[in-house]
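Listed next: structures, encoded as structure tokens.
Paired with chain B in one complex and with chain C in the other, chain A is shared by the two complexes that follow.
Right, the complex of A and B next:
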């Protein structure tokens, strides 16, 4: 308890800490948002809750890391991870996801849970269980007497993450495929009647999701560290964010992602870093509770 | 038909045996050991290190003419099972080794958690187990009689850093009690032991603990802690969280330009902080069970340096790396078995158990002598400092090859 009060005291004693915490939070939050973003798509369009989300992220990280080990400029790892994960996503769709779309909730949860375990174990066998990271030869910017540090690698990561997010929003709004995806999300049967090949839409959406996750992973490995079993961290955050923002609300996902990043950093400053994950889950509970209250009058049948 | 084939097999086997006997002049029989070890899962890297350490020791013993028991010669062979880094699996496999495979002697798994899961089983069946990779002190307060560990227990890992900080404070003309300590450890038995050891020593010197945090299991960001370190300005920062803790800490200590005068971390070698983060790792203190530069030696493996060279020759995949201490202590565990069998002069497991308990052995890995509880009390922990990318021993002063760089500057 004393420590908690002391930690809160620090926030007021050194106001600059707040800025530092916010910056750190936003930088990690942008990547949570990116992972959540693909989940919102898949969840909204196909009604599949992909528990392997975080493992796609880590797989993307390992793709970038492997390229870096072979002397390829790490920034090229981002598009490379995007492409490779697109293909892996497509294969996963054809082999597994396709068969569970029309099934009930638990089938898709179980299937993707199995996928998550398998992905983690395959990565463990391929790359070993050590933590890996890529060291970019980029300077770190310092402000406020060196108290606030902004590594260029993180800055590059955040900018890339946000531009990727906006590119996807534009794509969904403007392109033909984007329209088809949105139409399928609204009513798959009607879309089929109107001549949209929903199977193609599904496989495209799932591949896009895997690709976005892959890119996020390639950024994470440059700014933080990855390990085959870290996927769950990103899966949990992605679920919290999507639940908070609601399906199909892509700008909301970005806002929620940044918000969770910042709140987690505040939480871990005040209560200790051991409670970081707990704070994320607590937020999920809070959001669900508020949602429940909001919808109390609006009873619906779940399909 | 079947009998015919069997006959064929036995003829081949017999001639092979005959060939072997004539080549070696004396055929050795086999002592079968059992080991459940993490070949997959989160401990796979270190599990494989341990297995390689065992294998290297078997090979060396074979080359040296085997284990001599009562005039006969024996070689070790081992049944390995993969425990998938899971405790319940480890316990099941230990049962299987003992009940189905009839194993009479066990080598330990990797990590304190797995050892904790297996020890009750070996204890129940009275199977002597010499383990090399479980350091938690909670293993040695349960009154186990068949569990022996060649390594130093975990509360000793970083406690010497506190003593070193006190020494430095005295040199500066300050009171050791003015030293401020910050601790960030993972929430697992091993790291909590380290924390307990550091707290004990800090209390002994009257030092103030200004920060005491638990790291989550899936740690990839500890900037929140390091920000507090910047504000609270401790004199010693202790971090323990296996390889991932070391990697995250060193990376972010560099990024945030943390200028704590003394930073001590576990698992530096396993995380390869020098290879991964270069300059950021400079002047960080790393605790280790063993280093190849130490002046220990024995008859079987030679000096510590010779052990390293020999091991690299046998396992070329380690050529460009430092051989981790996890390998060395695994070999030392096998050596303890060899020594105990020879002193016992019989294959009776009770006699072997008593011989192990009476071990007093100088090895390339350090002195081995077990306490009543089964932990090794004869070998100190070693602190190495990363100086210009090299691991140099700086404490305890008896074995120190280099002077401590103090205070550490932000890199």
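Right, the complex of A and C next:
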């Protein structure tokens, strides 16, 4: 308890620490937002709540890590993870997701939970249960008398994540496929009537989601660490963000992603690093509860 | 049929009592099977009968484990000091202390878990469908993470409980087997009666259409809270017993094992058939057998195989064995045939 008060005191004594925490939070939050955007896409278009989201992220990280182990420039790992995860996403769609789209939501939730367990265990067998990271030979920038340190690797990661997000948004807005995806999200039946091959749209959306997650993972492994069983917390964070922001609300997803990154950093600063996972999950309960109260005022339930 | 039924149940009871002697090498596995059966049956109370698919029932299992352990220790020693010593040999329990502590611990585990379910239910029962599943999953993960940071109950190290009195460990195995068996049989008898009551009809109405049930004048929240609390009561006791059986447990992998037992119980129910009395039991037995076989023959890949089993069950075989039987042999189920479309929540094909 004394330690907690001491940690809070530190925030007021040295206001510059707040800035450091915020910066850290926003940088990791950008990657949460990326994974959450993928989830919002799949959720909105095909009404599948993908609990394997975080495991796609971690898998992408391991692809980049494997390339790095074989002496390939780590930044090339990002497109590589994007492509490989695209294929894995497509296979997953054909084998499993395709058969749960029309079913009730609990089915897709449970099926993807099973997938999450499988992915995590396969990665555990292939890469071992140690935490892994890629060392980039990049300098660290210091501001404000060394109080704030920003590793270039994190900066590069965030910039890459933002440009990827921008590219995806542009694609959704401009391209023919993007239009088809948005049309299917609005009304799948009408889209089918108007000649859109919805099955193709679904498989494309799910593959795109897996690829986005894979790229996010490849960025995460450069600046942070990954471990086979970290996936579930990334899934939970993606759920927190989408539940807080709502579907089809892109600025909301970005804001919620950055906010959750910052809140988590504050939480682990105040309560200690051991609580980081707990904070991520408690935020989920908090967001669900707030949404619940909002709905209750309208005499509705969250469903 | 009416004469056959008591004979069938008596034979079953005799088999349950004799099982650890028929297969003396498998006593621990049989006890574990009872955990699966108890957890599946209680999960089916909310998941199958009430339509609230919880992914976080494991919370009560872990909480029961911790409550039973803490109460059992506190009868003789200061819990903080005990966990601080991490089960060092200086703490001896007499037989009376051990059994009294266990008995009080199990009662406390059941009652407090029911209380936890009541409080948690107030917060979570406004969530429907997938949100309820995610919310309960979140609650279970959060509980595990918080307990693993709580030094008073041993933190991430967990708690080491006293060993069963006596030198012959076979006695302990038998004792825990029968403890589980009694809990399971009591639960079965209770559910057999429970599912014939008006109360069960009410929770089935909630599953079929909650808005209509409420419009008919059912106080749905109260029904949901009571059902979940009863389920939590039995899960808590099962957790408490397995804490004493395991002797040592830690929070994330044993007590609040969200991605193992927490999801397995759901798969057991789906495998056997949701919303039936026997489905969860048959599913638990099937799942446990598959699990033990994969453990023996696919060493290293067993978790992958179990994940695949979950996916296959959910995607291809969601009606379960009982659902399949009801489709193939509707006459075996008598009047239940008309209930079929409502059971699955969607058309059968």
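Basically, the second predicted complex is superposed on the first by the 295 of 303 C-alpha atoms of A that agree within 3 Å, B and C clash if a C-alpha of one lies under 4 Å from a C-alpha of the other, contacts with A are read in each partner's own complex, and residues count from 1 in each chain.
One rule holds in what follows: contacts are C-beta pairs under 8 Å (C-beta built on N, C-alpha and C of every residue); 3 or more make two chains touch, one makes a residue touch a chain.
The structure presented is a predicted model; accordingly, all values stated were derived computationally and were not measured.
Undergrad: Given the touch rule stated above, what does A:296 touch, chain B (first), chain C (second), both, or neither?
TA: Only chain C is touched by A:296; chain B is not.
Undergrad: Touch test for A:162: chain B only (first), chain C only (second), both, or neither?
TA: In the superposition, A:162 touches no partner, neither chain B nor chain C.
Undergrad: For A:7, using the defined touch cut-off, is the partner it touches chain B, chain C, both, or neither? Pick first, second, both or neither.
TA: First partner only, chain B.
Undergrad: For A:226, using the defined touch cut-off, is the partner it touches chain B, chain C, both, or neither? Pick first, second, both or neither.
TA: first
Undergrad: Answer with first, second, both or neither: which of chain B and chain C does A:196 touch in the superposed model?
TA: neither
Undergrad: Would you check which partner chain A:103 touches, where first means chain B only, second means chain C only, and both and neither mean what they say?
TA: second
Undergrad: Using the superposition on chain A described above, determine whether A:273 touches chain B (first), chain C (second), both, or neither.
TA: So A:273 only meets chain B here.
Undergrad: Looking at the overlay, does A:125 come into contact with chain B only (first), chain C only (second), both, or neither?
TA: After superposition on chain A, A:125 lies in contact with both partners, chain B and chain C.
Undergrad: Name the residues of chain A shared by its contacts with chain B and its contacts with chain C.
TA: 121, 124-125, 232, 272, 274, 277
Undergrad: With touch defined as at the start, can you tell me which chain B residues reach chain A in the complex?
TA: 40-45, 184, 187, 212-216, 218-225, 227-228, 230-231, 243-244, 247-248, 251, 255-257, 270-272, 276-278
Undergrad: Using the touch definition from the top, list the residues of chain C that touch chain A in their complex.
TA: 53, 55, 123-124, 126-131, 133-135, 138-139, 141-142, 145-146, 148-149, 258-259, 263, 266-267, 270, 300-301, 303-304, 306-311, 314-316, 318, 345-346
Undergrad: Considering only the defined contacts, which chain A positions touch chain C in the complex?
TA: 49, 96, 99-100, 103-107, 109-111, 113-122, 124-125, 232, 236, 239, 243, 272, 274-275, 277-278, 281-282, 284-285, 288-289, 292, 295-296, 301-303
Undergrad: Please give the residue numbers of chain A that touch chain B in the complex, ascending.
TA: Residue list for chain A touching chain B: 3, 7, 10, 14, 17, 20-21, 24, 28, 121, 124-125, 128-131, 133, 135, 140, 142, 146-147, 149, 151, 220, 224-230, 232-233, 265, 268-269, 272-274, 276-277.
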